[in-house]
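Once you scroll down, you'll see the structures, which are given as structure tokens.
In what follows, chain A forms one complex with chain B and a second complex with chain C.
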Partner chain A sequence: MSLRTPKQAGEWINRNKKISFSFEGEAFSAFEGDTISSALWAAEQKVLGRSFKYHRPRGVLSLANHDVNVMLTDGMDTNMRGDVVEIKDGMSLYEVNTSGGVKKDKNSYIDSISPLLPVGFYYKAFHTPRRLFPFWEGVIRRAAGLGIVNFNYPRILKRKQHSHCDLLVVGAGPTGLSAAYVAAKAGLEVTLIDENRHAGGSLGYNRAGDEAAVAQLDDLLSKVASQPNITVRTGAYAAGYYPDHLIPIVEAGGITKVRAKTVIVASGAFEQPPVFRYNDLPGVMLGSAAQRLIYRYGVRPFSNGIVVTANDYGYRVAIDLLEAGTKVAAVVDLRPGANGGAQAAELTHRGIKIYAGHCVYEALASSGKSGVRGAVICAYDDKENVALTDNKFTLECDGIAMSAGWAPAGALLYQAGTGMQFDYGVEQFVPNRLPEGLFAAGKVNGIFDLDQRMRDGARAANDALSYLGLQAPHNSIEQHVGNSPSHAYPMVPHPKGKNFVDFDEDIQIKDFVNAAKEGFDNIELMKRFTTVGMGPSQGKHSNMNAIRILAKIRGLPVEKIGTTTSRPFFHPTPIGHLGGRGFHSHRLTSLHDWHQANGAVFTDVGAWKRAAYYPTTGQTKEDAIQREALAVRKTAGIIDSSSFGKIEVHGADAALFLERFFTGSFADQSVGSCRYAMLLDESGVVVDDGIASRLAEDLFYISMGTSNAAAVYREMQRAQQEWQLTIGLVNVTGAYGAINLAGPSAREILSSLTDVDLAYEAFPNSSVREGIVAGVQARIIRVTFVSDMAYELHVPMAQVPHVWNALMSTGKKHGLRPFGTDTQRLLRLEMGNHMPGIDTDGLTNPFEICAEWAIKMSKPYFIGQRSLTILEKRPLRKQLVSFVLATNFNGEMPMDCNLVIDGGEIIGRVTSIGYSKFIDRCIGFAYVTPSKKEVGSEFQIRTDGGSLVTATVVKAPFLKNQKGA
Partner chain B sequence: MKLLTCPMNGTRPLSEFIFGGELREAPDQKTCTDAEWAAYVHNRHGAPGDKKEWWYHSPSGTWFIAERNTLTDKVTRTYLFGQKNLGEENVVEEESK
Partner chain C sequence: MQALDIKTIVPISPVAHAQPRDSAKWDVVNNMEIAVEFANADIEQARKKVLGVTDVSCFERYGVKGPQASQWLADHELAIPSNPNSWTRCDQKTLVLRLGSSEFLVEDQLGGLASKKLANNTSRIAGVYKVPRADAAFILSGREVLNLFSELCSLDLRATSLLANDVIMTQVAGVSAIVLRQTINGEPVYRLWCDGTYGPYMWEVLIEIATELGGGAVGLASYQN
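On to the complex of A and B.
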């Protein structure tokens, strides 16, 4: 048996190409172009899925991805939408939400115990006894839920593209096609997208038996094809709206971020199911789904059906069913009186019985709820929205087509901030306040008549042209006249329930009533309590009915209930479409390969990869660090400091700029000397520090820590924008590399590579010289950050490896070895040097770190000066002190950030701590209350393990000045 | 993603920009009271409305001022600091996009 019809004009299948596939282990055949659902339906396989919660059999509802009755796995992908995914030869498909197959799902018993599982039951049940909760959680998780994630999924890169256009038209139905054509004729570059495999929208299937629609669509399509400046993309959905008309378009192969100058949303409307008992049986489907089956895939929805309608659309569906060779047992119209226009007359003429003012009270299930065997019909009170069951009767049928109304596909409009109002003429939310450059047309705009829709598309195109400053006529479209395309309340209460509103989540009318009784009577709360609209179809077929039900419960008009917030994405979008290529930008110094070859362990410092330490085989991190540190203390060490921030300040006002920007004094700084430069913010908090080397009267070279350099440079630029001094700023961070050569042998090593006079008197600490090192022009700075005997060599980044290698080979006989940033942390701690961001935080002022010496308050201005005048009047709340632990301390080592405790009170915290092998003591910095700041004071540190370790305040630096400096 | 118009480089995506806080006039630090200075440093107007803001175009290193309504997120114009009243040649009136 097959439900396949003779060939339909405009059908999407290729009857010359047969393909075979399997479903739940059973072999099926299909035509090329079939979707999974249409192929199975043609073979009279009607149980296509199981519902999420009650595991009820489900079939076709919308055939448009507006519901998720049919979700499958092919073993690789999961949650494939059977209604829209094209069948491919050889596919082996299984339903995702069953236990033991879709036909004999072992979980179908849940349907019979559904009274025990009211909405929100899992919020309340299974919490006691507590120890059983994990068990129940497991049961619920297995019973509910969709497909199973395939953890062996291969990494498939989906392309990410950008594109630009003058006009993006979303929806290629008659409205969108008309809009695109008019705009393209006027010269715009138009992108026209549609989520369906082919353009045409409802014009492809809403025919009421009239083949003229086919010609009309062909005409529109050929017009669009005649315009080379229209790009049509089908199988592509607009996933969301982002500011300034950025719209990601999702296709099977990837995502395209389209930046449009203007956008027309012609996305149409979702058909909404009327709600009656057993409206979810396989065989009960939306009228438009029946039409899609017929005209897209040449499949009869059923053999002998009933049409239940609450608008005139159902009459059109009834004629399409007849044309497809389906018997129509009756048309049941919720509305009283004569409706349905010309189609009603034709149906009567063809002998179809129309029951006006009647409803389907319930659909009757065939065995196992696997299909429909009949429908109970009775009168319907259209005012009170109740069934009048006195004279109910049963009609035999094997399917029911339903038409009750529409909900606008307004996701993009909502996301863009469109103001919507409820139009009672069409019983629908329509846009009344659109953001600039965004236009709505067609059904989403409340326009339903076909000719009107096409004119509305043209109208929107002209509005878009005017918006872009082009000449275009201004048309207005008359409002909808006649019967509303949507019914105000197409719900049929039933004492036994199972009248479904949300098919994704198995939500019935009574669930809303219960939620409201529990107090969740606001639409957003009701959504979350009932989970209506929270399934994979995101309320496409359920939100409007939910709003209507809540409005009725609360006795309010629909517009007072409002809608839930629409957020991207329009359809669930595969993570692979969103995931990037793991791109994590970082900067490497020119010595990176050398570090790698020499076994460095790397660490991230700001945007840079830096060598942390160089362990030899089998060496622990601690051993490696101590060994590197000892080399610096006893012979010499060398570190790649190329990541340091380096900024040149040029110009006549260079010193003035530094005076205003930093706390210290620079105007009197002599050429060739270096000074400490501390930066505060306006509230007086320490932001960063660095070394300012004066290379000339009008040139300062500032080097500073790695991680904050970009932000400091940015603030320099802002300050200059405000101050307008005669200076130029150059960020030479990437242009210069730096090598720090430190230790007692440093001078000797360097002296063999340079003519610069390195004698102490000629080149003391805190001074800078320019000269040639290993044949390379260098700036040599004597900084005492890690050692009193150190030379920081700044050379062009590309020359760094050459200089480094020269130093390494010269230094070999001196025991020179490289050290990394972790070792540097220990070395500077031994030297008693604070590091902003490690020993300071976002509230630290300079007084707390004893940095008064770096501040020149008598200057006319510097950033933070005014705040310091306030802070210096106040008593200190904390102070950074240097401390040591007991000699031969061998308890649990305290860590950075451990708390300082005194008499049970927290009085501060450790900022840096480490064991110095050279001094053979544990040393560190900590914040303490000022009462504990004096040398010799004792306080306690609470370790991670909870023990208290006694520390003694000492005078920094921990090292005596090294000889030879 | 939002677009922002740098007065030197034209309209660019927001990812190229860094927000620099509200442009606020500092009181004269020589004459203001401690309380006035503290209010300037620590207090911010959270109420939405038309604000002047610092923005930084990162690739080119350009700081500029954007006048933006923080309720509607609409930028009405952008210009270099100090140039708004010096002449209009560097003021970019945001076209309605």
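On to the complex of A and C.
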């Protein structure tokens, strides 16, 4: 048995190539070019899926991916859309939402207990009683979701690319094709996209039996093909609109972000189903779906069908069904009187009975709800929207084609900020106020007649040309003439319900009524309570009907109800597409190879890969850190600090710039000296700190932490734009590397490689010298961050390895060891030095870290000064203190961020903590309330395990100064 | 103090970490160790036609900014691009890039001497601030180069959209970079500069995509002749 028709002009299948596949274990054949759904339907396999909630049998609804009745897995991929995914030879397919197969789904019993699952069931389940929450969670978790994530799915690269054009036309139907052609003829570079496999849109299938449409489409396609400046991309959907006409285009192979100078949205409209009982049975489908089956895939939708319509389109569908060899038992029109124009006359002439002012009261299900066996027809009050069942009768049929109207595919227009208005002439939202450079044409613009649509495409193209400053005629948008293409309220109430509005979520008319009764009578609230439009179809076939129903319930016009917010991406997009290649930019110092060769364990610090510590074979991290720290304390250690931020401030106003930018004083800083520099934001929060070394009257060299360097430089540039001082800022972070040589032997090691006088009197702490180190021009800074005997050597990045190797070679006999950033954190903790971002957070002001000494409030201005004048008058709420744990503490070690407790109350948190083998004590920093800041105060730290550990406030640093440093 | 001579120090390309030390051929060019050959000449020529990526970090560079920078360069007989974000060629062997109204990057092509001359002038002049350069620099050649850029950069870099001497300061693969179009030996190529510390990352990204598109690494030697 087969529902294949004879060859159709313009069909998408290749009848010369047969392919085989299986569905639910059963063998099928198809033609190349078939989709999964068309192939199965051709083989009279009508139950193609199960609904999400009630597990009702489902077949073809839109055949356009505007519903998710048919979602499958091939064992590798999941949630494949059967309507549009092309069948491939050898595929083995299974439905995703069944238990025991699509025909005998064990969960189909849920349909019979649907009264127990009222609207808002999910929310109500978690209201009361609380003791049942775990039960409901289990139930809902088992029921939720579609498909099974395949954790063995291979990583298949989906490229994310950028593209540019003069004009992007979204939709390659007759409107879009016309627009692209006109614009390209005028010289624009046009990109034309369509979500379908082939261009042409409804012109390819909406024929009403007239093959002239085929010639018309061929003509349009030829014209487009004749323009080399048109790029046509099919199988590509525009997923969203972002500012300045940036539109991501999703294709099987990836995403292309198209930046267009102007955009025409000719995206058409989604056909909307009329709502009647059992309108979801397999065999009940949209009229356009029936046409797609016939003309794209050469498949008869059914053998003996009924067309239920609420517009003139249904009459065209009826003729197409007849042309395909389907018997049409009747056309049932919700509207009273004579409608349907020439097509109605033709149908009457061909002996088709037309029931005007009637409705399908309900579709009658065949065994197991696996198909349609008939339809109950009755009169319909088109004003009150009620079925008049007194004289209802039954017509036998095996399928129903539905046409009730359209909803504009206007997601992009909404996202672009288009003002929409409701046009009662077409019963549709249409653009009223379009953003600059964005144009709408065709059905999305409320234009439905074919010739009018093509003219509207040309009109939009001319508008786009004018927008780009080119000469083009200006034509007004034509008005729709004749009957409305959409019905104002194509709903048929039924006391037994099961008249579905949203097929994704099994939502019926009564669900909206009940939601409104419970107070969810705003469209956004109703959406969330009923979940209408929240399924994978994202409301494509349901939102418009939902709006109409809510308007009816509230007695308001549709435009007063409005629409829900449209957000990109408007169609579900695989995560692999969103992920793309995955760029993880990172910076390496010129010593990276050395660190690697010497067994470093790396850590990410800002954008940099830094050596954290260097474990020897079998050594633990903790042991490695303690060993490296002891080397610094007892002999010498060396660390690659090349990632530090480094900025030169040149010019006559350099000192003035620093005075304004940082909190301290720099105007009186002598050449050759260094000062601590603290940066606040305007609210007085500590942002970063560093060292300002004065190399000349008009040159400061600023070195600062790794993570914030780029942001600080950016802020400097911003400040300079505002202040317009006579300075020049040069970011030399990547151009200079830095090495910190620290420990009692540092001076001796360095002295053998430089002729700079390193004697304390000649080169004390907080001073800077320029000289040659190991043959390389260097800036040498005496800093006391990790040790009071330390030298920071700044040399060109490319020459850092040479200097490093020279130091390592010279220091070998002194026991010089490399140390990493984890060790550095312990060393600076021993020294009592806090670190912005670790010991401060986004709210910390300098008074809370006892940094008053670094602030010169008497300056005329510095960033954050005004806030500090306010803050200093307020009592402190927290203060950073240094603490130690008990001698020989051997309980559970507290961690960074553990809470500080006093009397059962949370009074702060630990910011840094570690065990120092050199001191043989656990030491750290913590925020406490000011009442606990005095030396000797005790507080408790709650560990991850829940135990309370007593800590005592002490005075930092934890070390005594080294002799002679 | 140990006697060490700066002239004996030979730095390696900032990109080298990401390049094969054993299979590539290395040489010292402009006092920098650099990969000059990744495969035999035929293979590299084929790659160049499709998508060739060449590390030219060893080209001599000099950066300068400040309100007097333009005049200072002119005093050193360098041609100055008239507009910001444009470049010009000087004596055929030096590129002068104007990165902003008062910032310049001077790069000698092979055989050029201008940067070296500028570097020899160590005097500090008001309004002229030296910008030390430690760039990773690349030549990108071949018919797929725009395909590569389409994945790495959001800007339109097609010849139809750029002026011949436009300098583009943008993000490439998420990293701040400079891009321009240039002709070398009659062959249109794109040039790319980024901070040298991003060099290995940039090379990895470029080679990954280039390889997918049928191209690959090309040694400096193919531009030395």
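The working rule: the second predicted complex is superposed on the first by the 799 of 965 C-alpha atoms of A that agree within 3 Å, B and C clash if a C-alpha of one lies under 4 Å from a C-alpha of the other, contacts with A are read in each partner's own complex, and residues count from 1 in each chain.
Just so we're on the same page, contacts are C-beta pairs under 8 Å (C-beta built on N, C-alpha and C of every residue); 3 or more make two chains touch, one makes a residue touch a chain.
All values derive from a computational prediction rather than experimental measurement.
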*Based on the superposed arrangement, let me know which partner A:Pro796 touches: chain B (first), chain C (second), both, or neither?*
second
*Which partner does A:Thr754 contact after superposing on A: first (chain B), second (chain C), both, neither?*
second
_Looking at A:Pro744 after the superposition, I want to know if it touches chain B, chain C, both of them or none. Which is it: first, second, both, neither?_
neither
*Can A:Gly535 be said to touch chain B (first), chain C (second), both, or neither?*
neither
*Which touches a greater number of chain A residues, chain B or chain C?*
C
*Examine A:Gly410 and indicate which partner it touches, taking first as chain B and second as chain C; both and neither are also allowed.*
neither
*If you stack the two complexes on chain A, which partner ends up touching A:Glu722: first (chain B), second (chain C), both, or neither?*
first
*If you stack the two complexes on chain A, which partner ends up touching A:His245: first (chain B), second (chain C), both, or neither?*
first
*Check chain A for residues that touch chain B in one structure and chain C in the other, and list them.*
none
*asked:* Could you list, by residue number, the parts of chain C that touch chain A in their complex?
replied: 1-2, 4-6, 8-9, 11-12, 14, 16-17, 32, 65-66, 124, 126-127, 129-134, 147, 150-151, 153-156, 158, 161, 173-175, 195-201, 205, 208-209, 212
*Okay, in this complex, where on chain A does chain B touch?*
242-246, 261, 436-437, 467, 682-683, 714, 717-718, 721-722, 724, 731, 861, 865-867, 869-870
*chain C touches which residues of chain A in the complex?*
157, 159-164, 256-257, 259, 581, 583, 585-590, 592-593, 608, 642, 648, 650-652, 696, 698-699, 728, 730, 732-736, 751-755, 774-777, 796-799, 801-802, 806, 810
*Sites on chain B touched by chain A in the complex*: 1-3, 18, 20, 26, 29, 32, 34, 37-38, 40-42, 54, 56, 61, 63, 73, 80-82, 96-97
